[in-house]
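Labels for the chains are A, B, C and D, by order of writing; each one numbers its residues from 1.
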């Protein structure tokens, strides 16, 4: 049995991209201990479902009991509080909106740490301030538990298809244990370094994403005003040094690309408010590390402005629309 | 003969990437009329050499007579002024540093238009303000000549290897005639639209490039300060939505990538002064078209600042170094 | 008679603030030669009226003939074109919206220079690019005329009350002659240096004004969100180092100050479009002189954005409203 | 003795609110009880000296015992820790570099709250995050003490001359008690509102100050490049709408003004590092209140960049020098 686990783990290490193989391995295992899941929102619910699909019994909770209904129908056990979950599971995944929610779920009066068992593995997939992640790690360690931060890249669609990317920070020896679970919910599980570096990687990626998106929007807008066809300009950029994910995979100009939010009135996708939140985290970590981020900082201000002008719930590529409005004389 | 040309042209249209085929076709042609070339700097010289290699007699000039020496040794005829070149050639390529040089070379007292012949094809590969390109087109048209703007993407290396990308603006019917020559000097020849759109495409690309580069530099710097390994962070960005040309092909962090300026103390490459110049053009066209380019504008300011602080002649990826300097207490 | 003029001029030099004395002196003069006035918009009309009030016969024109009606009723002669005005007057004031209008009025087919007399004094009070002012000066000099740039600070109200400030660039020997006229239309006439420096001073002032206004708006907004009373915060800023004209004389927060646009739904005052135009000039001169203006540049972008979002015709202090909009969840 | 009171009174007369009542209270007091003072740096030492001069026995401490030497020679009692001070004084002023120091001095193992007496008045003159001020207020209240935040405007010179401005946040009923002490150390004591609003006012002022200073530096630099004399431009700005404290009282251009850091190679004054710190606080409060501060944010980035490029210890007006460096070809 020990040998099997060892083999499984080294397999997992090698083939994180091969979802099918992984699932097969998972299903062939004789039995699995339950996994706790806290936070059953748009992201948490499909993630927990993928754990169920991979054969893990799931014990879950959410601040709003009705959020657990869907998962319950699929066989999960829904409890009243994080503390109750911690009482029954020794591996727990948390997926919550922001730092205060995480602090409450871990250290609050009904939080995980109230009833945690020694040796429990805690994996937090929320996107929060790396310094809060470090605080949670310290608090968990005091109770004999291990905390890892594992924020995700990819939205609701990727969560449903188990195609998320997890960026994991924490003690390296525990990485494989975390990867066993995360591999059931995502296509990539990347070890980033000590606690907080998962968050750091996530924040860095999203800051560069925001800069690239606003930059693409400005560029497309300028090109159009200078008489260029947007599809042609996109083509030129994508074969040149202006190429970026926002230009070649998520173009913000309606009509240039199909299957992206710009083709659907900026519905769906990654909301401007969420981007503003992530840029706020980037700004805070930059301030505390005395790092100059002039463009990241301005990107933050632009998304903040957009939130106040009707774009809060539109996809963040709607910055194209925000910037292009023409002067009405 | 007409049929041959027609055939040759449609071939050129289809196989612009196949330098060898093209050269073969060119060489098999019975004879070629001379091509004028004005501006024999770091870019112009290898470009004119590629015209020679393709079998075109070249008649050239430069403000500094000594600049023509190298080309003369290869068989080119060097004349005293643009007017003299225009007197002898009915296809002329210009490759000059900036708008005032172009204005002088076309409309100055010894400029092309002084002795131009009707029907001459003028191709300007300089990077200049699109509105100046339009003025030159109008002035040329008055003399019965055709002007096209065809700025390049790619540096001295690409110029030598005939691997430049040309972005061409002008009357569509003349595009093939321009492409015949440009195809000898570059791997891609893209038709962008009316006069000035070649410049527009170039400016747009470089603005987004600058934004992506500064964004990448900020992001890498922040990630490093947050404890991430730069090579790992690069890997994460490149498989995620933060990916851009500056992160995956021209990474600004020393040690992450080989064969790029950051691996060579930011020598070579595309100088900060040149980037500042292109961003100045972007800024001017944005101002005149009342287009908001907040990030492009700030990128311009940052490269302008760098020019004043010792980075003028370093590659533009040195913004990583500019931003990362740590506070000395 | 010459002595009288000399005396009058030295008086004008000394007492430019004393409108009454000046007018008296003007009225007592036996006769005055006519003054040409080109551009009868919101600013030009009251300026020309003040010339009339000071006893100068006025010969005027405007692109829209009906604009001259009001002035005609007051005794001015309205002609068809700038050329016609130049034919009859040897001192001409121009007050036009932007660079292209000035170029047309001076060098166009019916422009001033077509019929100008040698020795004519041309005073341009438009706000335009200093480089255009220099071009006009050169063109005027070729015709034996003298051109000075004399843009104004102060709006329609100041124009009506002859309380404008003129910033004058041009040959110093002609300054007094210019001041004789400008002193009838303004309270301050400042000599700034060679041609173009009047424009430079104007542009510099307005750039700093824009920065101070946006800065004040941000600061007030932040203070209010942090629980401070806006009137109290204003008081604190104004007795501290945060003090600026926008905080102590033109506060952008409704309810803090009376008699300013923020007290009147941002009506009247200095429109956002006009500020965006002036910042465009600042941006262009900064680009051409390779000057880094990070805040000025961002201020330009912000006013540009506002123009596209319904603030074009509101006073520029409405940036407070633009920035403060709160997120609607 | 009468002379002493007279001195006290005329000092108090400079304070803003309710002088008479306060003076009456002072006069009727038979003697003065000791005041605790924690933090004897460049600012704290002269502040504590002014308390001594006003007749208050001072009981002080500092992390570095040698810092207390000067004050001890003037009659102050120096103790080992904040806790020891709290044990002996029921009014305590703290003046510390940043949030962590304040947290340590109040809630650390040898902090004030360890031995605090009920009813003690705590006045914190440090510049810190308003949210930390609120936390300290809550912690103090739990121990039956009253906490007020009272950060200062004015540097070492103003501290020596008792000419500081105090911005005070906290329970209004305790304001007069605080003012009794603060009035001995400053010329203005302003009540701002609930706990944290003193910090808010300070942060707001300094953000606008930074924006005004950078704006002035950019403007002066642009004007000079456009051919304007800096002294003349300063004069024009100061009589126009560009006027601000940085242009009229602390001009950053060497040679324009005497007695300011720009006249002394940017020595003395308010260091760039300190400004960067305050802008970091502004940025953090703006992020947490979701307030858009585009210029404040960019000002932060610029001062952060300067810290890394040799300007850390120069006066913050040295941004003029930072921006003006010319390109060396």
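Keep this in mind: a contact is a pair of C-beta atoms (placed from the backbone, for glycine too) under 8 Å apart; a residue touches a chain by one contact, two chains touch by 3 or more.
Just so you know, these numbers come straight off a predicted model, no measurement behind them.
Taken together, chain B and chain D share the touching chains A, C. Among the other chains, the CA centroid farthest from that of chain D is the one of B.
Looking for a copy of the A-D interface in C-D, B-D or B-C, one arrives at B-C, which has over half of the same contact pairs by residue number. Centre-to-centre separation of chain A and chain B, using mean CA positions: 40 Å.
Here the spacing of chain A and chain C, counted between their Cα centres, is 54 Å.
Taken residue by residue, chain B touches two or more other chains at 290-294, 298, 302, 305, 307-308, 323, 326-327, whereas all remaining positions touch fewer.
Taken as a contact graph, with one node per protein chain and an edge wherever two chains touch, the assembly is complete, since every chain touches every other chain.
On the chain A side of its complex with chain C, the touching residues are 273, 298, 305, 307-310, 312, 323-329.
Put simply, chain C touches chain D in their complex at residues 130, 153, 165, 167, 188, 190, 192-194, 196-197, 200-201, 203-209, 211-212, 214-216, 218-223, 225-229, 232-233, 235-237, 239-247, 249-250, 282, 285-286, 289-296, 298-299, 302, 323, 326-327. Put simply, chain D touches chain A in their complex at residues 276, 280, 283-284, 287-288, 290-294, 297-298, 300-302, 304-305, 307-308.
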